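Structures for review follow.
Here subunit A shows up in two complexes: once beside subunit B, once beside subunit C.
What follows is the complex of A and B.
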């Protein structure tokens, strides 16, 4: 018997309402001490990476989030029988408890911002020209011309990064007011200025949302994406020496299913 | 309590495109198999060389900026960096590698370059 794991919750009680997960299978809670592993039982291998299964996995994590603190696990985490699952629960119990306590009553929100990178660069170049910031390298040889081109590119990049930092700081000040934790990624691509996730207490989610609307207003040339609330995919921390991480098959147990969440999001737009 | 997850944007296609771009550039695993092992190794080695080349270049730019290089030194550094870049282009061409492929995902630490 295979057990497909959706997440770890802060309850050892049975789930009251009937929930159906991947391929319509019943979802149940397998208790370990005062926490539980939410699973579906399968006798046949579960089909990997079908869009329906990905969405069903995400939906279960979201349903659990309504009633429990949940540590969502990576899509397609399967255990070979109850003994293996309970053995994992035993070895990770303390880490799970720590994370459940830290994430209690908190939700994850995503913010992505696209900026007009080409226009920003054009603006930087024009500003440099106006302020006649010429560099002192002459161009009397190909080597020096090479250096001059490189230096101009270097300065442009430096200014570009500085502008990105400035915009991100302005936005982050607003969001951080209502966030317990955050993870920001700057310029994952030249146009994707910010890809951020914030951990927000449930009773501050409306304030966080308001902060987003406030930021979105004046920046008409920027494009914004708001998502959430999600289970805290990005804020589960397992120590490097965790027994769980020693098993390479489960190394990415709590990795966010980024591409699938994108798909899930696209469905809801 | 009902928590309805939403994804809200007026520009869904642009965001999907950007996310795909950022994921395509950096595969999480090196694809090494008997058929492409040579390319896989070349990619790893060239990534490290590229990192060192970029560090050298950045250091040179900082010295130019601070004005601590003489005309002769700028000439010499320019020649060295240009030859290094040309050699890298040649090697990338031999192994069929693109600029954006020369990077490594270091997990929680982010990307190498």
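What follows is the complex of A and C.
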């Protein structure tokens, strides 16, 4: 018997309402002490990494989130029987409890901000040109020109980063007021100014949304993406040196890209 | 309006994939038969951006306002 694991919850009770997960399988809670592992039972390994299965996995995590604190587990985590699952629960019990306590009553929200990087750069270049014209150098030898080009590029990058920092700081001040934890990534690509996730207490989620609307309003040339509430995927912290919990990046990169693109339907766009 | 709905749907799916395939509790070791590990912290973002931009190009209508909140 294979057990497909959706998440760990802060309850050892059985789930009251019938929930159906991957491939329509019943979802149940396997208790360990005062927590539980929410699973579906399969006689054969689940091998279809389809978009439908990914969405079903996420849907279960969201359903659980309505009633419990949930530690969502990565897609396609399967155990060979109940004993193996319980053995893992025993090994990770303390870490799971710590995370469940930290994430209790909190939700994850995602914010992505895309800015017009080309226009920002163009503006910086124009500003630099104006100031450099004022200080024009009479000796326009190739060496000087080379140095000037280098300096201009450096200046452009520096100004670009400074502008990004400035915008992110302004936005983050508003969001942080209502967030318990956050993770920000600046300029993952030139266009993606901010990729952030915030952990927000349930009773502050309306304030958080309001802050987002407030920030979004005046920045009409920016594109804002707000997502959530999510189970706290980005805020589960587990020790990396554990024997059982570790990052298992073993697959060939090409396979990963292909698999991801198939799931995302990227071949169609 | 229809385009916006499709766009939101695509973006939402990518947000889901980024989390479900790449985040949350990662368990491996002898007791686990299989863990699908798809590295898309960065790749995912590229796909996200290209998908939005490519959709704009194909549909011939640039996004003029902020993206809609995914439903």
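Here is the rule we go by: the second predicted complex is superposed on the first by the 228 of 269 C-alpha atoms of A that agree within 3 Å, B and C clash if a C-alpha of one lies under 4 Å from a C-alpha of the other, contacts with A are read in each partner's own complex, and residues count from 1 in each chain.
Quick note on the criterion: contacts are C-beta pairs under 8 Å (C-beta built on N, C-alpha and C of every residue); 3 or more make two chains touch, one makes a residue touch a chain.
The structure presented is a predicted model; accordingly, all values stated were derived computationally and were not measured.
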State whether A:189 touches subunit B only (first), subunit C only (second), both chains, or neither.
-> both
Contacts of A:222 with subunit B and subunit C, given as first, second, both or neither = second
Check whether A:73 is in contact with subunit B, with subunit C, with both or with neither, and answer first, second, both or neither.
-> second
May I ask you to decide whether A:141 touches subunit B, subunit C, both, or neither, giving the answer as first, second, both or neither?
-> first
Which of the two partners, first being subunit B and second being subunit C, lies in contact with A:65: first, second, both, or neither?
-> first
First (subunit B), second (subunit C), both or neither: which does A:16 touch?
-> neither
Subunit B versus subunit C as contact partner of A:150, first or second or both or neither = first
According to the contact criterion defined above, which of subunit B and subunit C contacts more residues of subunit A?
-> C
Can you pull the subunit A residues that subunit B and subunit C both touch?
-> 112, 114, 188-189, 191-192, 195, 223-227, 230, 259, 264-266, 269
Over in the complex, which subunit A residues touch subunit C? Could you list them?
-> 2, 5, 7-8, 45, 49, 51, 54-55, 57-58, 61, 71-80, 84-85, 87-88, 92, 110, 112, 114, 188-189, 191-192, 195, 216, 220, 222-227, 230-231, 233-234, 236, 238, 243-251, 253, 256-257, 259-261, 263-266, 269
Sites on subunit A touched by subunit B in the complex | 62, 65-66, 107, 112, 114, 135-138, 141-147, 150-151, 154-155, 185, 188-189, 191-192, 195, 202, 223-230, 258-259, 262, 264-266, 268-269
Once bound in the complex, which stretches of subunit C touch subunit A?
-> 10-17, 19-29, 31-40, 42-52, 54-55, 58, 63, 65-67, 69-70
Which part of subunit B faces subunit A closely enough to touch in the complex?
-> 1-3, 5-12, 14-16, 18-19, 21-23, 25, 57-58, 60-61, 64-65, 67, 71, 74-79, 81-82, 110
